[in-house]
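Presented below are the structures under discussion, each in the form of structure tokens.
Note that chain A is present in both complexes that follow, paired respectively with chain B and with chain C.
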Partner chain A sequence: MTPAGAAVAERAGGRSGVPRWLRPAVITAGVLVLVLAPLGFTENTYIQTVLILTLLLVVSSSGWNIISGFAGYVSLGQGAFIGVGAYTVGILSRHTDVSPFVLAPLGGVAAAALAAVLGLVAMRARGHAFVIITIAFLFLMQTLALNLQSITGGSAGITLPLPTWSRDIGELPFYYAMLALAVLSVALAAWIRRSKLGAGLLAIREDEGKATAIGIRTPAYKLIGFVVSAVLIGIAGGIDGYFLTFIDPRGMFDILISVQIVLAALLGGRGTIWGPVLGAFLLQPLSEVVNNYFGTRLGIRLLVFGGLLALVVMLMPAGIIPTIRTAVRRWRERGSVVPFIEQPVRRAKPAAAAPPEEPAVPALAVRVSDREPVAERPPLLEIQGLSKRFGGLTALDGCSFSVREGTITGLIGPNGSGKTTVFNLVTGIVPGAGGQVRFDSRRIDQLRPWERPALGIGRTFQITRLFKQLTVLENVVAPLSHFSLRHLASGGTSGAEAARARELLDLVGLGAFGDRTAGTLSFGQQKLVELAQVLMLEPKLIMLDEPAGGVNPSLIEHLADLIRQLNRDGISFLVVEHNMPLVLQLCDPVVVLAAGRCIAQGPPQAIQRDPEVLGAYLGGDGSATQGLPEGSGAPQGGAPVGRGGPGNPRGVPR
Partner chain B sequence: MSREAVTSGVLELRGVVAGYGGGDVLQGVDLEVEPGSITCIVGPNGAGKSTVLRTVSGLLPPRKGTITLDGKTIGGLDPAGVLQHGIVQVPQHGGLFPSLSVRENVLMGAWLLRRDRSLVRRRYQQVVETLPVLAEWADRKAGNLSGGQRRLVEFARSLMVEPTVVLLDEPSLGLDPASLRQVYDLVKLLNQQGVTLLLVEQNVRVGLGAATWAVVMESGRVRLAGPPREVLDNPEIADLYLGGTITHTGRV
Partner chain C sequence: MKLAQTVLLGLLTGGVYALLASGLTLVFGVMRIINVAQGALLILAALFTFEIWRRTGLDPLLAIVVTTPLMFGIGWLLYRGLLARVRAAPEAMTVLLTFALAIAIEGFMGLIWRNVFRSVTPSYFASSFHVGGLFLPKGLAAGCVTAVVVLGLLYLALTRTWTGRAIRAAAENVQGAQLVGVSVVDVAAVTFAIGIATTGAGGSILSILQPFFPASHYVWISKLLGIIVLGGMGSLPGAVIGALLLGVAENVTSAYVSPRWSLVVFYVVIMVVLLVRPQGIAGSRLREDVAA
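Up next is the complex of A and B:
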């Protein structure tokens, strides 16, 4: 990392605008205040009640935040899990003498089980459909509670045993139980945010299609996220039921509770760890004040909620915490120079940057031991008779070719000849085609899209599809090379995965940019980040869709060097590119597509001279291989380049 | 395309500072775009080339400095206001409505004139004459076009308002050699009709080959401006920012 780069990284390190030591100190102090404060007014059960309800909102809103803030699937039925937890505890305590506190975790289990079932159904829907399904779930639970009278007591509800402890300590046991849960849920959210699972959930929120292309098993992620988001809410619901000592369908499955959960998170900052906490501590007391002042009859509370929601959406759509954070960052960076890269891609590993025992390209999956002649190497990717129609348009029409192991195979052809469609079909993000695709001698065209990257297929996109709101580092740790719960739980933006991601960022020359928001990078830089992202998969084959498009010529040379270096380490490439000089110096063999078919395949020198290729792609004369528009009958005629042609009647400016 | 030669005045940027978030990408850009010129900005990735276009077209308000067209201030206007001055930007990517047909997408470019239907129809005819391939694609859904085809449609759409200044962000991006030639033929044709073009191009050979004035940007500033040949022949510039000799000889 250059000194300038280090300075950038250092500045970016304090992104939240808080010194490093301050954060744990503030958290400890906050928790201490919450632990000690109620001891001051053991007599005042009203304040205790407000605090308990606030903490319940912290737990539910933090839970909601995992599926709706991180993964972007907005649930309006999350309040149902409070009811599920409460009913579980209520029903069980009718049959046993065990303290409801002991039963409360079973409320969490019940909530998790229901969330899993609901998740299986709801996760097939997106956007508004998902929201509606969650609301329907809430009403379904209410209806069940009303009608299963023998179990739930119907509309009369369930009365739980009164607490047995001394009246002197008031509601304190409830308070501390709820506080413990609140601390737990914030810690859980923070842990998930840093884990591989969290990186994947954020990726799903940003671009679900792209997430599958980097191996994120989206249905599993969403299901796990949904279950995790419900479990603590269920436990809190159990404690809430005991605290209220009376459970009825109307109170427990009130949609207002769900609305409040959502509102608290939106107010504080959706997708942040502390947003739901802040939101809950603002919203619940406010709601109490309004109720005390106006009474509950008039429903003024609803007006306040509605007004508040409108204000949040209009004034700070991101919520309080992100708005403040952005303002602080802007203030600190005002007038600063946004760094740019001149010579970003490292040819060789500088001694100081990486630990000496690490190779420049870390632990790649395969290594082609001997350089056999191209023709004898086994095909890594085989495409046979691939066909695909979009409406009345034939994109691919019986296309067949193969990529041999250890090669950098070029794929060229006119616009619309089906190059990108080949990529989309091989990675599976576009379904339903005729023909076969084999990878490593295994048929893959029936596999789900997220299963294919795990086999070792990585791709980049013509127009980069980074997760623009996430940091560069979060982008690079998001890919999932294999699916296991342990891997999901492992560190994402910290630990081994992050270290590897930083190495790969160094490799593409963007080591200093890890903490910057991906969307603020220039187009060429985003291309390099996407390459680093793909390398996280430890791929055997990387498919590059116009790697040089929009990239500065000096950078293209480095990019070509990088591709060769990775190729020497055993990665095969399939490269779609229009920059012919680059294709000719980098690729062997070259495959030519035209109108959805493979019309030629062979070494670049032969392709360059093939009359059919010249006619279909290069435009009929040799000058096209230089990529120059001159000599193509352009109206500029023989005017010397740049000397103020006919289009510049006043001659050269200035 | 039959049209009167409407020529813009000079487009001038003075000390323009702009950026996203807190930092400044543009560090004080001074730039003059002569009427009737094809001015091409080149430079390394992240130097602020696209940002210059965004500040001119009103997508990004400048924090400091002035932008004027023919002496009239346009810096700080919103994109619609800038469009009223005859300046139109063809974005780097992603501007088409995928579920509409190509014809509908092109017609959408004349949204400002939608009340004058005969004018819109006439303009559409002119645009199709300029770019005949549009007639062939007219009924296809834009979402089914390939990347390169979309670029041409985006370009065509911007012509519906008869601009006097066209801002092109990487016109060569994703184009095969034949389409590339088509786009640059179009650039030259428009220029002959008096349209001023300001383009950002990474394909330096093609961009500077067509340009009448070259601008090299570096770290948010204009490092050098001059006739393209001079810029190409400046050994330091060629080495640092244009990929060395590759610019001239098409090194293989």
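Up next is the complex of A and C:
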């Protein structure tokens, strides 16, 4: 980036009060204009033509990058939108005398409308279906252009009006129109990358199920992403048609155009702002060279582009820009020891200081919590007769229990007793169960998965599911408690939300790690980030799936303190955990599942001695007299024996 | 009578389509890869058959014994040499790689055989049987019978051999298969090779049914995708059902509307099925698909 461009953008940004997160887009646009605007003034129309085609590729490739680079949904038919735009303008210009430049935006409208329809089809399924739909779309458009002769002229194509301006200025109007679109495309990509929409699209690419679990309405995101990725390509296609003055089905819907679009973005760097630009400026000249050397021998062109695409996918899948970035970073860090990522010592704030008796407790010592009885508090989460079968396996068999407000309820049981399935059904990640789930007295088992976090339900995963390539801060900001277009356009990591996210990171003790890539954190730290992420939703209930599993013992203590502190602040917890000492000191009451049913429920002391619970864990007949083992981790396996009444949880007498 | 004739031709075509689609659906079922290059490899096999027939006069349907092992070998090499390298990468990269392969193979075929229509025309090519007022083109009948036989052999191989059971086990549950001692990488290589081997037999049969040239592979991959989407992606019985249905639908559209619109049937089926019933007729709904 030139200093001048940056300065201009900086001043513009400062004066007009452009928000910080918008500045990259403004700067990007400024740089492109400054570099490319003078280039059009060449006398050589051949160079002008090559530049125009390059800019067309910049527009198309940047568009592709939004749906396929950001959201990870690969479109193999993106070139079809160029054809759609060109045909829209071509067909309209047969009936009106309006300049094709004026008609070109309608090409964008047509492309956006078609993308929306396709999006409706594609958004119900995952990536494979999207790939197939985009291929089918390209060929369907080509066939329609061939067959609907009365409208499209069939294989004879359409001849557009010739430009009306003086020959002295050559192709300049085309060049500047295309330049404007290219600048707009790149600025749009830069803006989206920093916005909530972009954060959501990246979250979908990294882990779509997790994105849903934190309240991101994924189908809407994908749909909007696809429409946005198509609209500027449609406009550019309209201008391209005017520039070529002749359009026909084979040329406009040539699959090689789509190959070049994919290749340009991949070569430069998929998911980066400048990747498609760099890729286009490398690829279009290469295309010209191949044309000049081998003329019209189609086979060579296909071999070159197909082979190049295969090579990039295999050898440099990240693309040039990310590869260089990594190399530069390595070079800078050469010789230096990679800093050990240490858990920063958390200084408890005075206000939130833990009660005096707590800090001294070693995490692994068994100490039964001795807080107030909880039986009379109103239920927050009620599970009634929940059943779920996976094929022949019954994961849950009429399970009922409730989580009362303000409690830290433990959920234990042998492996395979259905604990994680309860979580998946409450959050809606796994659908189609029998029984009812109520939250805050409202039935939620029919709600879509992304609607549930908004009610105040957050969950973490047994194996953490952070968006590993995003920064820690971006991860924490990602959750969305509501959905609106205005909200989508706002900055992703700025403003009040970012401040709140930093606060939460401080709370979990990871304030220093905000700018690190999430994947570089230790497993225990990732669990803490996941907790902060969930807190962003301001939940009433947090469901923790094995918070201590695989975590460094020193972090477990920290985690337990944190859970107690949040609980004092009014958040209820449902905790699945195998670390029995932790459960016994943290949770009250404790619910025990075995073979998909709730077999016992009550304060930890009672559970510890309950013969049925012991039977379920040890596979004995329930007459064992010893308490639960006090080492870390309970014995696992053993034949689960569920002896509680069906769907009839038995309270343990206190 | 016209309808009966059309449906008969559709079913015969569908029988051939079933074989062509079996490889694509098998590879998807086991490896979750949409092999966009399947159509290009099919045309390549047809061109091999053309070359064998032109040089030796060997009957194209007998050429299967050459083209099938040849395509098996090409499939194995493609997997070991290219696809295995992106196993760890996101699925998107695998799709892009097969897309790149499709383009490159088209270019290769264009250089060797040039972009002209070819067809293999053995003596029985243009004649027909006549049965009760209906006519049966000999080439299509022989092609359909051959396809059914090859498909039957494939089915036996998948159900009666250890390798076949390993393939199906890996399709069902990768971790489970690994637990009982199936090497998933080896199974993937063999599966891909078998999937490509079906284009050997399929390409040889195709060569006598329709003229083809390098860029025909777009038409064929579209048809095959339509078939496996309708049948349920990854399901072999589904592919057979989808092939028969679309074979009939294509012929009916050709006869009653116009041959120019027959291909549109496949595109429309893809869109409608993915919108209304993404798992197709016989496919199972993946757990990961429902959350979306």
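Everything below uses one rule, namely that the second predicted complex is superposed on the first by the 529 of 654 C-alpha atoms of A that agree within 3 Å, B and C clash if a C-alpha of one lies under 4 Å from a C-alpha of the other, contacts with A are read in each partner's own complex, and residues count from 1 in each chain.
Note that contacts are C-beta pairs under 8 Å (C-beta built on N, C-alpha and C of every residue); 3 or more make two chains touch, one makes a residue touch a chain.
All values reported here derive from a predicted model rather than from experimental measurement.
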Q) Which partner does A:140 contact after superposing on A: first (chain B), second (chain C), both, neither? A) second
(Q) Output check: A:612 vs chain B and chain C. Expected answer is one of first, second, both, neither. What do you get? (A) neither
Q.
So in the superposed three-chain picture, is A:520 touching just chain B, just chain C, both, or none of them (first/second/both/neither)?
A. first
Q. If you stack the two complexes on chain A, which partner ends up touching A:43: first (chain B), second (chain C), both, or neither?
A. neither
(Q) By residue count, which of the two partners contacts chain A more extensively, chain B or chain C? (A) B
(Q) Per the contact definition in the header, classify A:413: touching chain B only (first), chain C only (second), both, or neither. (A) first
Q) Do chain B and chain C touch any of the same residues on chain A, and if so, which? A) none
Q: Using the touch rule from the top, collect the residues of chain A that touch chain B in their complex.
A: 326, 329-342, 390-391, 393, 395, 412-417, 419-420, 462-463, 517, 520-525, 546, 549-557, 578-581, 584-585, 617-619, 624-630, 632, 634-636, 640-650, 652-654
Q) Once bound in the complex, which stretches of chain B touch chain A? A) 19-25, 27, 32, 34-38, 43-48, 50, 92-94, 140-141, 144-149, 170, 173-181, 184-185, 188-189, 191-192, 202-206, 208-214, 219-220, 227-229, 232, 240-244, 246-247, 250-252
(Q) Using the touch definition from the top, list the residues of chain A that touch chain C in their complex. (A) 68, 72-74, 76, 118, 120-129, 131-133, 135-137, 139-140, 143-144, 146-147, 208-209, 212, 218-219, 255-256, 259, 262, 266, 297-310, 313-314, 317, 429-432, 449
(Q) For the complex, give me every residue of chain C touching chain A. (A) 28, 32, 34, 36, 82, 85-86, 89-93, 95-97, 99-111, 115, 214, 218-219, 221-222, 225-226, 229, 233, 260-261, 263-264, 266-268, 270-271, 274-275, 278, 286-292
